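Structures given as structure tokens follow.
Next come two complexes, and both contain chain A; in the first it sits with chain B, in the second with chain C.
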Partner chain A sequence: MADFNVSSREDGEISVVKVEGYLDAHTAPDLENEFNKMIERKRYKIVVNFSELNYISSAGLGVFMAYVETMREENGDIKFSNLKDDVFSIFDLLGFPVLYEFYKDEEEAIKKFR
Partner chain B sequence: MNHFFTNIIDGSKKEKLEKTLFSFVVLVLFKFLFPLVDNSILVILNDFLIYSTLGLTFIFLNEITSSNTENPIPLILNVGILSAILFFITSLSSVIFDKIENIEEVNGIIYTIVSLVISVTFIAFAIYILSALKTLYFLRQKQVTENHFLRMLFVILLASFAGTLSKLNPDLAFVEKTFFIVSIVLVLLNSFRVSWIAFLSKRQKVFLLLISIIMSGLFGLNFAMFSETNIIEQIVFYFSPGVRVFYILIMLYGTIYFGIVFFTTLFHLPTAGAFDQKREEITSLIDLSKLMTQVLDFKELADGLTEATNNVCNSDSAWIVIENDDEHELISVSNIGYLEAEGVSNNLLKELELPLTDVLTLNKKVLKVKFQNDERTYVFQSIIIAPLKVHDRINGYLFATKRQKYKFDKDEIKAIGAFADYAALAIENAKLIKESIEKERMENELEVARNIQSKLLPDENPTSDKLEVDALFVPAFEVGGDYYDYFKIDDDKLAFVIADVSGKGVSASYIMAEVKGIFESLSQVILNPKELLIKTNDILGKSLDKKSFVTALYGVIDKKNGIINFARAGHMPLLICSGGKLKEYLSKGIGLGLDFTDRFNSNIENMEIKLNNDDILILYTDGVTESQNNENVDFGLERLKNVVEDNCSGELSDITKNIFKEVSLFSKEKQQHDDLTLVLFKWKN
Partner chain C sequence: MFKVKREIDISKTEIVISSSTNNLSLVRSFIEFHGRELELSNKEIAHISLAVDEACTNIIKHAYQDSSDGIIKIKIDKKKNKLSVKLTDKGSHFDPSIIPDPNVEESQKMKKGGGLGMYLMKKIMDEVKYNAKGKGNELILIKYLA
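For the complex of A and B:
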């Protein structure tokens, strides 16, 4: 079983979540906890930085799908940034870029919120 | 003879009562018929009837007195009351009435009745007392035979009978005296079986102390009063001299016995408290052993252990801490607050060099524990920390503390160590059982999922003369959600689908079943792949949960015109190898279940391709391209393309086999974590 780590920092109204390692069915609950914490603290503007993420499974994708709607309902969003090429192609094939916003880096994503 | 006796001794209480009453009635009749017992024959008959009644009454009463062997105090109380009544009757009568002159000649009906009543009362009470003494004799004795007691009874009977004889023949008085003395000796010897006193609680012992000295006194007085002449003594004597001797001996027996009981109890009193405590410890241990078998509810077991530690080891508080990775979790506390226990153990565990391998005793320990709002100081006389060890692995610790004056003694420390071992085993068992249940549950679930999945996939590939079809499906252990299918629309058109449901296990296979149903029905009515997928997405919107989605590639091959029309919903692109060159066809389209608005509909497109002779169409799922080797490198689309191109010109089934071969070689021992699906078509004009 591979490792996964999620951490976050605040940039004003926006929370920047960093995901690292392998996001699959075993590690997805960690990410869910993080999103739950954000909702509890009414932080709905989220940028997820994928620079250290090596792998995402359908379970991992499911987590994002589950929470984006909630964030958008509260005038927030989940924006994706810094994806590695192979990870991006997984999202791309599925058509995620049509539904969600992907950026080359964090700054761009943060700017979009303001 | 034996048979005769066993017939009397065995038998139910009712039968015994019947026999006793029968004998008594005969005795009463005799007394009315022959109020004056003046010749030898009558004397002997008199005694015979009395003794048989006595015997039967004794047998009957013995059953009653022996019925409660747990607590002898009520029985002793009864005996005390009876002896008090005897005392009062005797003493009051001798004060109120003078002795009767010439009693041998008195023979009125009234006298007969009165003498009968009094004699019977006194004898009956004496028999009851004797019966009670027998019960006490055998109380809590494990190994004793009846012989000693019976011998004593026999000698008492002999002395009684000798008493009657000596009235008939005064020269035989010495016989009576001899048996009398022997009886007393035997009574004395038999009175030392008082070990049952040890088993009483301290309170009962104190009570017994008071009661026994009073009773010994009463019996003594009863004995003394019958040694001189007074009205009651006279009445009993003329009822039967033997019975008077019998009565005296019983009163003497009571005096001696309860005197001995008094002194024994007195000497037992200082240790009574300790005895009670030991008994409580044993009870606790027995309760705990019963609890040990209860492995499923670990919390109850842990609570039993901490409680037992307090009861048996005399600690003030006890608690158990379990080590989970590097964290310490408190799972049971007894006689201490949860936060306090947590604070104390965290302090101690930080201080000590972990892990502890043996039981550690700390004496006179002072701890300052920080809580959220304040800091408290705890002073412990003694703390024991016992590791929960299984197979040299430490799973946690059992803590026991004493705040009062004395430290833990050796026995207590040993007991705590034993409890810690119990706890360790129990934790291990509980964990193993939980894991085993979980494993079985998962295996069952996977079994179900695999069954569902295998039923959903096609039995055969619909090869026809223009279109050769081959497929390969290798399921992952955890059932990955791949699905492919064929739908014959008419003689010229064959529809197909390849899909991948997100997630694993039963939930994935469930969605797969629904998806199959949708495709089966829609393929017959909607020929336009894009429209079909849009409709599929709509339908799925009603039942699919937020986290799930399905990728699919659906197409229709028109065999008459050699055209393939397909649409892709988030799935891998269609590969076509034509003239030895592989091309990727990635039409626009997002996965099913990701979006149920117009965005799905407006972002999906059809793609139509004209097929050439010998074209190979390859459909695959990400299980192929995401197969990893030991360095975690994906097989990837490039390798797939290469393999196809290398084998393009061969047999269709060979292409399939070779792709699989390459993937297997690439990923070697790494366990396949996703389903692997390949569907290949070969077109012949």
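For the complex of A and C:
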């Protein structure tokens, strides 16, 4: 059983990363790999769609902290969309809403890059 | 096919797991099972599962330095309105309570993740107690139930 799945698609110069399932210390390396691939391919404008993510622990939050600056240095960003309330509450506990942009839906986040 | 691995019975109030992140989902199922039995709210179950996940992740990373050869004993207990989860390991001494509160903005400028687990545990539980043992560590997470 796959606890976590990450996939991505391209929309012009924006990459939309979809995360599904449970993001913890065991599955966080899969997300790191995805971001490493983005950097290799010089894709720095990223929207992460959380609609199918049920759970996140600090190991998952740490991945965004470790990569966002690289994206921002290259004129990009990591923007978040479609978070379930439970998942958002964990980001909120750590003060992420002042450091990251959160959107209700993916389209809105994509538009902000344009 | 032979099933060599011994099944872990999450309906018991104490489980012993190997120190692998592969077991984190099992640990969360264990808390969820007992949370439902004890009729805790969904929010209480979600918070306690997260805190125990964070505690196990710290033990695996710091007490056992990412080796999966160690063991972690997890015991859940409820007395009146106080729910406690005790985690015991036999790894190197690691007192998570001395970890400073994280500065997310600073860490992200330095392109570093991590250091958030203990802070989350303290935020979502009512008490976090650490005891160094002769060989290993004991961490007790306490939540006062509504």
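Everything below uses one rule, namely that the second predicted complex is superposed on the first by the 112 of 114 C-alpha atoms of A that agree within 3 Å, B and C clash if a C-alpha of one lies under 4 Å from a C-alpha of the other, contacts with A are read in each partner's own complex, and residues count from 1 in each chain.
In this text, contacts are C-beta pairs under 8 Å (C-beta built on N, C-alpha and C of every residue); 3 or more make two chains touch, one makes a residue touch a chain.
Keep in mind that what you see is a predicted model, and the values were worked out from it rather than measured.
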Which of the two partners, first being chain B and second being chain C, lies in contact with A:80: first, second, both, or neither? neither
So, A:26: does it touch chain B (first), chain C (second), both, or neither? second
When the two structures are overlaid on chain A, which partner does A:3 contact: first (chain B), second (chain C), both, or neither? second
For A:61, decide between first (touching chain B), second (touching chain C), both and neither. both
Winner by number of chain A residues touched, once chain B and chain C are compared: C
Which parts of chain A are in contact with chain B and also with chain C? 25, 58-59, 61-63, 65-66, 69, 86, 93-96, 99
With touch defined as at the start, can you tell me which chain A residues reach chain B in the complex? 25, 54, 58-59, 61-63, 65-66, 69, 86, 93-96, 98-99
Can you list the residues on chain C that touch chain A in the complex? 21-22, 24-25, 28, 46, 50, 53-54, 57, 60-61, 102, 104-105, 107-109, 111-117, 119-120, 123-124
Using the touch definition from the top, list the residues of chain B that touch chain A in their complex. 481, 500, 502-504, 546-549, 551, 569-573, 588-591, 594-595, 599, 603, 632, 634
Provide the residue numbers of chain A that touch chain C in the complex, in ascending order. 3, 22, 24-26, 55, 57-59, 61-70, 86, 90, 93-96, 99
